[in-house]
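Right after this note come the structures.
One chain, subunit A, appears in both complexes that follow, with subunit B as partner in the first and subunit C in the second.
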Partner chain A sequence: MSSEYPPTLPAEYADIEFENNAQRLPLVLCLDTSSSMAGPPIQTLNNALVEWTRELHDDVSLSYSVEVAVVTFGGQGVAAWRGPQPLAPGTPVSPFVPAHMFRPPQLAAAGVTLMTEALELSMQIVAARKAELRASGLQYYRPQICLVTDGIPTDATGHRTDAWHRLVPVLAEEQNARRFRLYAIGVGGITDFGEQVLRAFAPKFNATIQGFPFRELLQMMSASANAEQKGAGDEVFEKIFSQFKTQRPAWES
Partner chain B sequence: MAADRAGWRIHGMSVEGYRHRRDGLPCQDACAHTDAGPVAVLAVADGAGSRPRSDEGSRLAVELAAEHFVRRAAAQAPSPPGEAVHALLVDAYREVTKVFLETTGASAADFATTLTVVVLAPDWLGHLSVGDGFVVLRAGSEDGERQFHLLPQPVAAGEYSNETVFLTSPDAARWVHTDCVADPGIDGVLLSTDGLAQAALSRSGGGATTPNASFVDAVFRSLDTPGPVSEAAHDNLAALLRSDRLTALNADDKTLLRAVRRTRR
Partner chain C sequence: MSGRVVHLDGKPVVLAEAPLKGGGQAAVFPVEGDHGTVVKLYRDPPGPDQERRLARMLTMSPLAARPTDRSQPPELAWPTALARSPEGAFLGYAMHRFGEPEHVQLVGLFTRAQRLRLFPEADWRFLLGVSWNLAFMTARMHHDDLVIGDFSSSNVVVDGNGFVTFLDCDSIAFTDPVTGEPFPCLMHTTDYSAPERQSGSPATRASDDFALAVLVYQLLTAGNHPFGGVPHESTSESTVKDNIAASCSYVVRPEHVVIPRGTVDPSVLPPGLLTLARAAFGPGVHAPAARPPAEAWLRALDQERSQIRVCQARPLHTYGAHLPSCPWCERVTRTRHDVFNGPRPVPVPPPPPPPPVPVPAAHRFGALKVVCALVLLLAFIVVVAGRLG
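For the complex of A and B:
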């Protein structure tokens, strides 16, 4: 949505020099790009990212505040993306891009589901970004991590693994300490076991959604970012999330 | 609102932010000022975004602050400044809180708001703040450049920028911050809520927070023009506060209340 506000400053204030010091809201999209997402699902995701990016650019209240990083798990392992560019592992470059400059990656689906490692990478980049923001004197809101998967955690050979158990107490502690909000969303043909994993990761904010409603999912993340900026209470986030969970097309109910 | 008494020309406003305007919600910021004899009082407040009646809360807080602080300061403005000023500020704050809590009753938390007050007395400036409002002074010049000073703020309430302390917080009294400044060179005072923190303050380099000189200089300068504040000057300030440029930095409600000396001493 565009602002209705006057775009230009009155002449007597035109010479004010502003710093780019908006309060930041780091947002990580932690996306499953394993082989089960191949075909229409990954295409739907790519299209949704393009449309969401356009909306984000147009939202005056989010475009200079939200910073987007993408983490994918698929192919041979996990990857962090800086906008459309995958970053080499261990690179010191931050994957976070201000929303007004963000361009979405073109994702392809293949390979295994290193969900545990992807979440660990997401937590690492959030902690590193907070440290950078503090060092540069910038204020920030509680970051958001959105995990999206249609599968179950596997090892690098594609076999189901229990390694994800090690994450459960870590995530519980991190969420309890309010270091970030974690949303865990199961899509497509996710199994009961897959749902169980998401419930363990994000006891409050987990959902299983029919099909691949990535547009609605990304809009929910924007709504949540808005609520965060407003300083809304937890009940507001729960309401936003439950609206997202129940907005199934009429033919399903 | 504008006034031209007690030796100061005072003008300011609260405007709803982009998000409230988009969602059809009222402005939750408020500001007020008053004077009695040689004393002027300025107050700004920021109602909590998460509370249903915080727009009423901020309005009530600034009205009570104007009334109680000016009454105490005009009755017994301490001189010389010092401990007595801190005591006066805290006493007036207690009165404000008492009436605020009596008025709002059991649902006081629904009216949660910050409060920042400045008392301008002939020999001193008193500042009291609970929450994340801030005050910038204009005093003196160096090499022909006007100098601006940010008064110390209460310590941050938490890691995140949307966490703060409210008048209604159970332990608010612990977080109240007071200052007393005695400097006859002060000829400009600006109060604001956190909606302008990014525009008016500079945090570059991780060092101390300082005023953004180009911003505060411009908003003081526009009030230096002698005589009453023109409608155009008022509208220009509103346009500045509502501009996309400021919204991009912070989409919250914005308040700017400023005072300049009518005649330099």
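For the complex of A and C:
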């Protein structure tokens, strides 16, 4: 790839494609990879990511506009991924990859649920990406963050924490200012308390779905991206989201 | 697996379970056993207005009175039948299928990688020809008292010969010639919407002319939106839509925006076409009457088609007769980026020199270069394989 760029290119531009001036659509998949996702759920998620990536590559209007970043919370903490590559904390590299070049990570499930920290990281990378794009003269549609969890926020020792309360006013303000669109989706055996957290994070765009219908979930994200490109009003996004809520679970005994 | 059963003209057909395309308002499904037909079903039950609209459209056959090249697909994906539930409820309509790989959304011409994959022969001459077809289609529709309304790079498809077809005919604005009932266009795509459309005014020929100007400009610059770029004084959420509303186009006022590097210089447009673009993206933004109509684009495009120059140095380089030399080669020299040709394969390096003889420093670098070239070649193969995979 380096051969495509002039050698004098400033390093900070290296991940912005030279010829592609399309308005960008940053999309963050903020995924729960804690121990409760182990087994079939994480496998379903990995398979769904592979399928979705293929569809995204084939989509002429999304593949050169959407930029995908993955954030996971599980193991010992949170991680940002640049495609299949986890980024070491503090790496000065954007985790966003143009959709046509995106390759999905292979995720494993273990550990704690630092949901609050993962959302904070998602907001940080979105803000940083916007600044990079603006500096390059590139416009962007409203970014989308898709939070998926089957649990409740914990601290680094795996104990339930109330730290998530600090996010609620921040998320409300950010979404009011149309800085991004957050979808908060509970899957599997999420508890009433877990649902309550998601409702607080995304009052309009939260849902609890039985099973782990990641395939449908990712397709909903693509539909939402399409609507964003079309300049649709909020009611269209609510409609797309409510259709998703009524889908039948794909993974269920 | 099969999806639902719908009736087309009373005949039951089975739809595929998964839609080809789904948006907020409707989804398009293939018909099992009939590759040439698709059915568009509305998400919410469509009202009697929509049913009357479709029923009227079935009695009309616009753009039909013209002899066309046998290889040319219809210019409109016009409804062919109403789709009803087995109980008789109106659900949507059937139309001919204009799908990939034969028919590709216009946006597929806007990036080099997709152009090379979907239209390997496409050069500037081809893009000019597609522009001409688009202007022709628009002028024809206006002549037939149809307003496209929702005109964008996603709902027009183009085939290998550059023929264009407009897809979402159920949003076209027209007046019933018999009853005089108006059927307005209720959809629009913000990146192609003139300011008055963004603020809720009905679709008109002039709003079509605005979208046409944007699309033609994008085609002739290999994909650059004329309202791209970030204004120097702007809020952080500025978009193409905002630039249109503020009448801020770098084609007219380059000093107002940070222009993305890689932007093709507007001067690749021949003077006649550039004048039209400047009228559309300058005074024409807020004054619909100042926008060049489709016929003006058609005439100007027509003039250029006959005098295209072919570059002798590189394949797929063609350009307007107003330029003294190839603008695409000039750009390669300046930026190393070729708008029409992919990265050149790294030439196979000669076999490495025999190692035993001690070599002066310069030659050692020569050997290093060979190793670098090999590494680059490998990296290139990996990248290409990755992209293809």
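Just so we're on the same page, the second predicted complex is superposed on the first by the 230 of 253 C-alpha atoms of A that agree within 3 Å, B and C clash if a C-alpha of one lies under 4 Å from a C-alpha of the other, contacts with A are read in each partner's own complex, and residues count from 1 in each chain.
To be clear about the criterion, contacts are C-beta pairs under 8 Å (C-beta built on N, C-alpha and C of every residue); 3 or more make two chains touch, one makes a residue touch a chain.
Fair warning: this is a prediction, and the values are worked out from it, not measured in the lab.
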Subunit B versus subunit C as contact partner of A:Q23, first or second or both or neither: both
First, second, both or neither for A:S61, with subunit B first and subunit C second: both
Contacts of A:K230 with subunit B and subunit C, given as first, second, both or neither: both
Touching partner for A:Q139 - first (subunit B), second (subunit C), both, neither: both
Partner chain(s) touched by A:A108 [first = subunit B, second = subunit C, both, neither]: neither
Subunit B versus subunit C as contact partner of A:Q243, first or second or both or neither: second
Which of subunit B and subunit C A:A38 touches, first, second, both or neither: neither
Subunit B and subunit C footprints on subunit A, overlapping residues: 1, 3-6, 13, 17-19, 21-23, 60-61, 63-64, 134-142, 178, 226, 229-232, 236
Of subunit A, residues touching subunit C in the complex: 1-6, 13, 17-23, 60-61, 63-64, 100-101, 103, 130, 134-142, 177-179, 223, 226-227, 229-232, 236-237, 239-240, 243
Residues of subunit C touching subunit A in the complex: 22-25, 43-44, 100, 104-105, 107-108, 110-114, 118, 152-154, 188-191, 193, 222-225, 228-230, 236-241, 243, 257-263, 335-337, 339, 343, 346, 376, 379-380, 383, 386-387
List of subunit A residues in touch with subunit B within their complex: 1, 3-10, 12-13, 15-19, 21-23, 60-61, 63-65, 134-142, 178, 226, 228-233, 236
Parts of subunit B lying in touch with subunit A, wherever the complex brings them together: 17-19, 21-22, 48-50, 159-163, 197-199, 202-207, 209, 212, 214-215, 218-219, 221-222, 235-236, 239-240, 242-252
